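The structures considered in this document are given below.
Shared between the two complexes below is subunit A, which pairs with subunit B and subunit C, respectively.
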Partner chain A sequence: MIVEIGHFALILSLFVAALQGTLPMVGAHRQNQSLMAIAAPAALIQFALIVGAFAALTYAFVTSDFSVMNVASNSHTAKPMLYKISGVWGNHEGSMLLWALILAAYGAAIAAFGNNLRPSLKVRVLGVQSLIATGVLAFILLTSNPFLRLDPAPVNGNGLNPLLQDPGLAFHPPLLYLGYVGLSITFSFAVAALIEGRVDAAWARWVRPWTLAAWCFLTAGIVLGSWWAYYELGWGGWWFWDPVENASFMPWLAATALLHSAIVSEKRDSLKSWTIFLAIIAFGLSLLGTFLVRSGVITSVHAFASDPTRGVFILLLLVITIGGAFALFAWRGPQLKGSGLFQPVSREGGLLLNNFLLTVAAASVLLGTLYPLFIDVLELGKVSVGAPYFESVFVPMMIPMIMVMGIAPFLKWKRGDFSSASAKLKFAALATIIGGLLTWALIDRASAFAAFGIALAIWLFAATLTELAGRIKLFQVPLADSLSRLFRQPRASWGMTLAHGGLAIAIAGITASSAWKVESIQVMKFGDQVNVAGYTYTLKSVNEFQGPNYKGTRGTFIVTKGDDFKLTLEPEKRVYTVRAMPTTEAAIHPTFLGDLYAVVGDKDEKSGGYITRLYFNPLVPWMWVGAMIMVLGAAVSLSDRRHRVGAPMKSKLVSGGAPAE
Partner chain B sequence: MMKRKHRRLSFVALGILVLAAAAALILTAFEDNIVFFHSPTEIVEKFAKHELRPEQRLRIGGLVEEGSVSKTADGATTRFKVTDLNKSVVVEFRGLLPDLFREGQGIVAEGHYNNAIFTAREVLAKHDETYMPPEVAEALKKSGQWKPAEKKK
Partner chain C sequence: MNRLAYYIPLVLLGILAVYFAAGLGRDPKSLESVLIDQKVPEFSLPPIAGSSKGLSNTDLKNQVVLVNVFGSWCVACRVEHPFLMDLKEKNIVPVYGIDWREPDRKAGPRWLKKYGDPYTLIGDDPISKGAIAFGVTGAPETFFVDKNGLIRYKHMGPITAQNWSRTLKPILERLRKE
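And now, the complex of A and B:
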């Protein structure tokens, strides 16, 4: 019964969304107050209905109602409760419902908190948001209905894909979706602004926090996914340039660019049509990501069995949404003239250059990801574009970007002065050169490339610290004054310092882990010793054990280094009983300089030993820590009063330094 | 102070410069890093006709032949046959195979083919046990052995 109520609520929400997407838009066009008044309550009702539908599906999963087809194919009574709940979105139908839920939640947030938005803009934003929702809800009900019943109901379910039975992956999809779908809000704002033909500072002030929130979730989601791949797939790698990883990375690049161009639009009344363009692109790439993952058109480790009609539907949705937005952009975009002029050497100039580099980088990733698809459609053969392509294209584009990231914060708005910026950066430059040379000279196997990567990380880190030091006037005023200035820094500035500093730390981790990884694969019998990067691994035992819903094999390694370092690593192999599907659980011990990483494999029948794979992954923990700091930076910045969801009347407080011209 | 027209021109020039550099990067990277997929039959035939060379990086896909999986003397290298049910190719891979690797399973391997042995750098099997890589389905279709899989729901 509850399932039917959920199903009914979902159908109802489609009609509410369709109404909300049309009537208020007509109302806004004709200045009809009563039609416009529908938008906000409709957004709240739509959200409540989808919450109801989602709750009903969750109820079916928690109570293991196997008369629901979706539950039967993705759940099992023997599954721990956490995975019964995460199983709700661990499948295609449920994950699309989560998508719709988040979409409606963002719409409801605008409806509830957007009181100080210009009424016509608010109504149009809600209208556009709801048009997207109409498409997504129709998609769910027509091709991927999670509420279909199964008669007769099976005694037990198929279980969830064991790879997804992991705490990291339980929260990866919701975070990623909060990011993906969060970009729908900026998209709706962009389209609404195009319809109105008006983009002002108030508009940009609204767009910034939403982009920031989406970026924060997207970053966290991508990092969580990468971390999961690192410890669960047992390959010792954390990024494979797999099409589905790229699908989440492209919107991230676009959102990063958007985040920065929105600053220019807000503070300098400039780059307006570029910001609108990026908002459309960013959400377009999110939809494309959904399409790539959900249609199975591309060979990927993430590709799950899927249904072509769904792919066609999402593609259609993508074409209508993005095609429509671009048509509108072509028609109305030229009217959006900014007033803020600037010289090439200025903070705007630096931000624009990096925006451009990020966008071109996203385009190159897009090209590499879709190329096999084009070739296939043109029947020129089956090809794949591997990691080497992405590394040799993407990395060189990031080098100038990181260099500029160090300098741009030192340039003034409108017209910057290169020589005064470089004078302030002389210590950072010195540290960079010394650090790079030391790396090259002192570390074995240090290629010039690796030394350069470390130097870049030092450059960004030192420049970020120098910028902070300049803001608090360190060594120019008494230390106590500097300290009190430090605590009075606006949170948005802290956001930048943290995000840029975090990236610097992550770059060091990325460089070191790709340049100095030590890998050793061998067959080991009990008592055998292997030396990896100075650590001695001894295989002590391999035992079988019984988990809640799987059978496991656990290897025990004793790792020693010198006299005072000793620890035990226990990697596992699990075979999940319901699907008879094995998974690997790598054992990882993080240290300051890198991860000790061990995987145990199958028994070699001839020798009686086990295949083992041992790694030393240098500075990998830095990467996770750096990424966490970036997410933290976004969160801190988001908590800044001036970002508090669109507060135009507080603007007096804000823009002291940079009044809109 | 630059004139407005000059300023715009310098932005455009910078933009074109970035785009040109990116295009050059992409083209060189494409040339070196695109890997073509071949079915086992194609590999056997094209190497016989010298249409493919040993130094070319290739992808091969098909089913792991039943009963063909064995370990070589060092214990860490797995040898198995990949088949499209018409011809089969011997593949060697050193390291831990993906969890879903097993006999009868569709896999894709990337590496080099030399002296009748395909030395794989990478072996991909999938997250989902009912999933058939499109390349493998393609290889089976080409060899006429494709039976549309029973739909598992």
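And now, the complex of A and C:
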């Protein structure tokens, strides 16, 4: 019964969404107040209905109602409660419902907190948002209905894919969707602005916090997914340029560019076409990611059960949504003239270069991801594009970007002075050169590229600190004054310092873990010792044990280094009984300089030993910490009063030296 | 900026959409199995409990047959099961079964007794010997083996009336004509 109520609520929400997407838009066009007034309450009702549908599906999962086909295919009574709940979105149908839920939640947030928006803009934003919802809800109901019944009901279910039975992955999809779908709001803002033909500072000020929020979630979601791959797949790697990883990375690149472009649009009334364009492609790439994963046009380790009918539907949704927005852009875009002119060397110039490089980087990732499809369609064979392509194309584009990231915050708006900016950065430059040379000489003379990567990280970190020091006038005024200035820094400036500094730390981690990873794969018998990067691993025992819904094998390694370092690593291998599928749980011990990482594999029948994979992954913890600092930066910036949803829209004069945030 | 430049995104999206539309009809995994057009690897599986004959590669010759990987634990197998019964009752094509990864010896026979047995011969495969020989990635999965004992096609997921009439039946007819 509850399932049927949920099904009904979902159908109803489709009709509400269709109404909300059309009538208020007509109202806004004709200035008909009563039609416009429908938008906000409709957004709230739509949200409430989808919450109801989602709750009903969750109920079916929690109570293991196997007469619901989706529950039978994806759940099992022997599963721990956490994974019964995460099973709701661990499958195609349920995850699309989560998608729709978050879409409606963002719409409801605009409806509830958007009182200081221009009424016509608010109504149009809600209208566009709801048109997207109409498409997504129709997609769910017509091709991916999670409420279908199964008759006769099986005695037990098929279980959730064991790889997904992990706390990290239970929260990965919701975070990622909060990011992906959060970009729908900036998209709706962009389309609404194109319809109105008006992009002004107030518009940009409104878009920024939504972009920040989406970016914050998207970053956290990507990092969580990457972290999961790192310890659960047991390959010692954390990024594989898999199509699905790329699908989340491309919107991230576009959203990062959007975040910066919107600053220029708000503060300098410039780069408006760029901001609109980036808002469209950021969400466009999110939709594209959904299409790639669900339609089966690209092979991926993550692929959901693919179905061409669904593919056609999402493709249509993509073409109508993004094609419509691009058509509007082509029509109205040229009229979005900004008033703010600027010299190439200026903060705007730096941010424009940032927009350009990030967009090209996203395009290159897109090309690599889709290349196998192009080749297949042109009947030129089947190929796959791997990490070498992405690394050789993507990394070189990031190098100038990181360099400019160091300098741009020192440039003034409108017309910057390159020589005075570089004078301020002489210490940072010196630290970079010394650090790079030391890395090259002391650690690895074979790879100048790795030393260069470390130098870039030092450059960005030093330049970010120099910028902060300049803002608090360190060594120019008494230390106490500097400290009090430090605490009075606007949170938005802290956001920039944290995000840029965090990226610097992450770059050091990425470089070191790619260049200096130590890997050792061998068959070990009990008592055997292997030396990996100065640490001695002794295989003590391998024991079988019984988990709640799996059979496990746990290896015990004693790791020693010198006399005073000793610890135990216990990697596991699990076979989940319901799906007979093995998974790996790597044992990881993080240290300041890197992760000790151990995996136990199958028994080698011939020798009676076990296959073990032991790694030393240098600076990997830096990568996670750096990424978390970036997320923290976005969150701090979001908490700035000027960004807060509902903050008064008083136009604020910005002095020439204001931070880029 | 030139007005025309604003049309670039629209044009690029159009081109992408054409490729996507063309790509939808294709299966990127269709060539994934390296065993396609190869001889069925040598394998020999014992019978399931209560049956006298198992399944080995020598059973698969002289006619076009299907080899279906199933298990009593697999809900999707339950979904395709009535269709396999239909194939048997209408005598459309012989289906050989690989009973994969049963939790215990009795689970498979119990399941077949309850729902019916559509298979000509069944091999018991608790430790994935047969499944590895065929390169199985999940259940259910169905292989088309031709008269010469070559694996010609691999179907992943349940067989339904829809994908049978659209894809699988034409393949069967083509293989029979060879």
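Assume the second predicted complex is superposed on the first by the 643 of 661 C-alpha atoms of A that agree within 3 Å, B and C clash if a C-alpha of one lies under 4 Å from a C-alpha of the other, contacts with A are read in each partner's own complex, and residues count from 1 in each chain.
Everything that follows uses one rule, which is that contacts are C-beta pairs under 8 Å (C-beta built on N, C-alpha and C of every residue); 3 or more make two chains touch, one makes a residue touch a chain.
In this text the structure is predicted, and so the values were computed from the model without any measurement.
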Field: Partner chain(s) touched by A:G157 [first = subunit B, second = subunit C, both, neither]
entry: second
Message: Looking at A:V599, would you say it contacts subunit B, subunit C, both, or neither? Reply first, second, both or neither.
response: first
- request: Scan A:S73 for contacts with subunit B and subunit C and give back first, second, both or neither.
  value: both
- prompt: Between subunit B (first) and subunit C (second), which, if any, makes contact with A:E4: first, second, both or neither?
  reply: neither
Query: Of the partners subunit B and subunit C, which touch A:L357 in the superposed model: first, second, both, neither?
result: first
Query: For A:D481, is the partner it touches subunit B (first), subunit C (second), both, or none of the two (neither)?
result: neither
- request: Please name the chain, subunit B or subunit C, that touches the greater number of residues in subunit A.
  value: B
- prompt: Once the complexes are superposed, what residues of subunit A are shared between the subunit B interface and the subunit C interface?
  reply: 73, 296, 299, 305, 382, 579
Query: Tell me, which parts of subunit B touch subunit A in their complex?
result: 1-2, 4, 7, 10-11, 14-15, 18-19, 22, 25-26, 28-30, 32-37, 59, 71, 74-76, 94-100, 108, 110, 124, 126-131, 133-135, 138, 152-153
Message: Taking the touch rule as given, give the residues of subunit C at its contact with subunit A in the complex, in rising order.
response: 1, 3, 6-7, 9-10, 13-14, 16-17, 19-29, 31-32, 71, 73-76, 78, 100-101, 103, 157
- prompt: Taking the complex as given, what residues does subunit A use to touch subunit B?
  reply: 69, 73, 161, 163, 233-234, 296, 299, 301-305, 341, 343-344, 352-353, 356-357, 360-361, 363-364, 367, 371, 381-386, 388-389, 392-393, 396-397, 415, 521-523, 573, 579, 581-584, 599, 601, 604-607, 609, 611, 613
Field: subunit C-facing residues of subunit A, complex
entry: 72-73, 154, 157-158, 273, 277, 280-281, 284, 291, 295-299, 305, 308, 311-312, 315, 318-319, 322-323, 326-327, 329-330, 333-334, 370, 372-374, 376-377, 382, 577-580
